[in-house]
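In the two complexes that follow, subunit A is the common piece, with subunit B as its partner first and subunit C second.
Now for the complex of A and B:
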């Protein structure tokens, strides 16, 4: 038995999204984050005065807050940010017809399978390239029922009251340093509104692509699901591999009103030189259900903790996450559930896989406020280590102010067992395939919740990552 | 028996990989095409080690001797290559693979057994799996369960037989397949094995067992007694009956080793 096959590196060259389109932006701000850049962004977007003031205030807040000392290693981030382009405008206007999108950009998205996804009867598709949404479309039948699926800029322009009522209320600029940064320089992202009682039977999908080197992407998404409505939103993210670091810091705000139901699915597959620091939060009202399905596969460092604030009686929040950390990667992910009303329920299921010197951290908060009696919450986090050099940590924070609450927490760490591998191999299955099979089985409870094409893509990725992973 | 033996073991010595503990100490055994052999022996005699060494378990290191399987040097093969060459090990303790369905597992295994570049048709596979499950009197819903996860002892062993039925080995080594089974489960499992040997009379079987009772259901052509890492006596089914009456203690002495074989 060869026991010492060298563990091959992750093979960044195998990352299939590593291609660069030769697009010339129509405008690119100076690198680094300055007040001038903030003003330029606002001017390019022809924003109302209040938004410019909001951005400038957020810029101050950003400067006043120190870098977080917890989570991943952010020591070199400040130097990285000085070299980042915070705003790159790829084209003059957003298109409604795919044919009108510039060829190079269109080609990029076609390689990524976006128009293909649209043909698979999605309710709507959006695509962001660098700093701006370049394309947005919504099926006529949904538009006729009052559904809005637009770029965030058009949300502000065309629905100013609805926008202002919710924008920045779910995640205030002071929430954390990167929420403040996003509030200052946000650009792109989706504005979604589903009216009372409307159920979208197919998902809305948004795709985020960073093409340029040393690019920062700061999308801002605001989603409002009215009473009794139902919808599913999917976002996917990729970037080419550069030798320099890139930066992504999104803010996602969601309101799920009484008895409504919403699912937000993310498959993040950034290249392994991306800092990915995202704030995602939902307010969940009486009898409503919010589900986060979060897949973090790429990036150098991801810090992301989707959260559910359960503010109405009987509200339910669910967070399911899969994290994969290969060589040089750190996924610091998890979830937050905050119970603020009686009979609220929540569950967090987190599965992480660490390979090579990759590191996965589960960081979660379950808080039950006084008065949220009969709250129930269950947290389960399982970590799978592929090699002796990979690492996993668990930081579950639990704060309970109500006697009558049931909170459960289970955590497990396992290594791929020699006996499991031997069993599969003894049936003629090659070692790499056996390994991939065990890993796929490990994430199966969450993977089966994914839309089919994403589940297939996830399986393909795991297979690729497991090649040559065992000695 | 004009054919060359399918398995020929000579002077096999093996130890636990990370220790100096010798378990197999010069074992000889020959199995011909279509023959059913049984190895019986007390606990600690090395029976299960023999099964694992044949399958290539990384926890054991071969320190001497030769194993020829279908004319080839088996010890040169990786674990998966041994399976592809036609060796099957029915595990004493089948392993759980959570999240992987039996159908998916078997499809991957059957695919691995196809010649290079040949894809199995998913519908054909499904038909074959259903037919094999019916043959073994298994409910088709079994295929959707996760491999050995939460299975009873009997279900695990039936799952082993199902795998054997799907992979059509030339030689099936059955490691204490009877252990942990009640009499009903034992009958079901044995009748499954008998069905497969009737179907393919060329398939050879090596039964490894502590007890005679399995041999009431699967009739061996040859019985071997193993003590301290060696075969100490070989003969017909009558040996098993003698063992049942006398126990193993007489075989433990050096004299009996000299009397044997």
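Now for the complex of A and C:
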């Protein structure tokens, strides 16, 4: 496998996912987004007519909506999008066994440790390469209990009614410009169904890999957790570093039914040339719990605000968000909780670290609708600034229409304490190491919620990033 | 043309400027130009997200105030105006403004001898032309500040000019009392305070009216300048009647080691909109920003604040608290901006709301934008209901429910007043709140 030497010259070699596989796609659409591309995607997937119509409608909506004026800098995005390949089909069909996946692709996922993790700790794995899921598998014992864990395309093919009942209802195409774009060109992603009362004791994982330059990835995921069921879904993402920009825009729709419990973990570690604009939303019914654990470490610009719509009495939503912004990065992340029923509770905890000229933004909404009495919500944001060129912003929206509710928001910004550093150094710890130690302590409350391998990964990343950061 | 009404137009700007120096007429014409070029804010703008001007303000229905029928003879003044003045007479000087025009000014002779200037802005344009020319609508609230700052700069008729020379300290506050009597009128007023280095001054501005049968608009542009080491306290108490649309655009400029504190109390009016921008321009500058609001009926409050830390080692501390009853609604949008290089900044921002009734609503947006690393910044916002434990405790001590609730609300709002070292103002505001609470029962 060829190493990308120029990238190492730039001194970005701490990004260990920067390798390119020499794969030849079986089909690649022309670059840019046109109606023709939308039709090609639909044709390749042999979709029912209604889905093609849905895509074409969404394409219209996308064109009618202006580029957002808030959030990160999207000024140059339009030009970037003209150069992007919106659909790249890496192989003819999705495989159920790693043995059938072409060697070059399989090797990539082996490097990322996916098959190994699957054997050890996962209930099921999905792997997406460019625009399509190349591998999807679920352990027999869960399949026997009626759990469905499949590519989104197979969800549409094999469970058309269930699919149609929920698809596009949680995040309608008109929700925002990029949700419309995704609705037009979606490809890949997971379809998850956990039947009533079934509790998965190990996580499902989907891994998203972009390999080619100027690639656009548009995964679409639909997750339905039936009454009293429990599950945990993890998504990871990486890409090689290119000098040109790539683009990722996913839409994740989740329904958590009565008394069910679901956790969605994201470890976003895209390379620093990726625009990552994602819409993630869950509908949480009576007595149910939804947890988002959102780790944003990579990408050039991420705009992502996982949300919980608490529609049933006693529903609970939780968002734990951790963001790291190094040089050239802007993480514009946060979360939304919307209380629409009585006795609903929620909490948002956000921690961010900005280093070099990196910028971390917390943007969140806590809304209590009229009638959602006894709603409780608490939002806490902490930001750590490493250098004098780092930047952090906090934009929490609090909108309360119900008098019988309690909502609190707190945020603090600080730099690494001189006293803490001094203490550690007085104990013989080198400054770099002391910095890393303090940062680890800062993110610990969230990091300890991460699956073990990701927590280890995060700690390693921070250690590497802190090297030479003491000015 | 946008914003041109039968009352607001270039001819009115020209007429108001008649007899005034050319530089001022030019400034008015320029402001009108900015006003016309600036689109009317809509709720699509972040700053106006919670106040829909289309529904709340009808500029077309307003006329400019005619010549006031009131004279300098205090016996002709409305009883409530005189009562408000009598509530607290401790002062270094007074100004009374009725229907947009200054009708009375007095200032302690000793202070006047030391060079303290307190006079009608209209007269100061002639008497202290150079000072006014230097500061009026230039650095603090220029027309470019926004649509309404521009409208004010074009159409202001009178206002207050207060100048405190270097090292002069006023022991007692300057008191301004303003009264509006005419409904359907737009009043444009300006406050310009310049405190030279090491001087010290407190200023209390109270505006009142009865209920007004049609929409009445009052716009005040407040420019506060504290030079090196000066200490300025600004207090605005708004007790207008229903029908009033109260708008105030305030900017404070604190230079090296200056202290520039503000308190905005909003109790009356149908709509209150305050834009307050505190700029910490010199190292060591400090601003405490306090706010207090208490709404009932369909009152609407909208506070838009910003704390701009431009220089090193500056501090600001904002606390806005409000209680909302009936169908009243409050929005708070605040932002702390720490500019690159403003190391050693300490900045805090807290907004707390008490919802007393099912129809009340509060929106809060405490924002931070931090571009320096050696800072201590935090903010917090809460929206909640009356502390039931505190209420229960008071009732267990023999108070009835209404008394207990009143006391808890008073205690909640009292935290803001407790930070103000102006006894007279604290008593006055407490009395008005008590009065308002008594009306709830």
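Here is the rule we go by: the second predicted complex is superposed on the first by the 460 of 471 C-alpha atoms of A that agree within 3 Å, B and C clash if a C-alpha of one lies under 4 Å from a C-alpha of the other, contacts with A are read in each partner's own complex, and residues count from 1 in each chain.
Heads up, the rule we're going with is that a contact is a pair of C-beta atoms (placed from the backbone, for glycine too) under 8 Å apart; a residue touches a chain by one contact, two chains touch by 3 or more.
Just so we're clear, the structure is a prediction, and the values are computed from it rather than from any experiment.
Undergrad: Would you mind checking which one, subunit B or subunit C, touches more residues on subunit A?
TA: C
Undergrad: Taking the superposition as given, does A:415 touch the first partner, subunit B, the second, subunit C, both, or neither?
TA: In the superposition, A:415 touches subunit C alone.
Undergrad: Return first, second, both or neither, reflecting whether A:443 touches subunit B, subunit C, both chains, or no partner chain.
TA: Only subunit B; A:443 stays clear of subunit C.
Undergrad: Looking at the overlay, what does A:407 touch: subunit B (first), subunit C (second), both, or neither?
TA: A:407 contacts subunit C only, not subunit B.
Undergrad: Check whether A:43 is in contact with subunit B, with subunit C, with both or with neither, and answer first, second, both or neither.
TA: neither
Undergrad: Identify the partner contact of A:398: answer first if only subunit B is touched, second if only subunit C is, both if each is, neither if none is.
TA: It touches subunit C, and subunit B stays clear.
Undergrad: Of the partners subunit B and subunit C, which touch A:385 in the superposed model: first, second, both, neither?
TA: Second partner only, subunit C.
Undergrad: Touch test for A:424: subunit B only (first), subunit C only (second), both, or neither?
TA: first
Undergrad: Enumerate the contact residues on subunit A facing subunit C in the complex.
TA: Answer in residue numbers: 368, 383, 385-415.
Undergrad: Where on subunit C does subunit A make contact in their complex?
TA: 340-341, 343, 353, 355-385
Undergrad: Using the touch rule from the top, collect the residues of subunit B that touch subunit A in their complex.
TA: Residue positions touching the partner: 55-59, 78-80, 82-84, 88-89, 91, 94-100, 104-105, 108-109, 112-113, 146, 163, 167.
Undergrad: What residues of subunit A sit close enough to touch subunit B in their complex?
TA: Within the complex, subunit A touches subunit B at residues 1, 3, 417-420, 422-431, 433-434, 437-438, 440-445.
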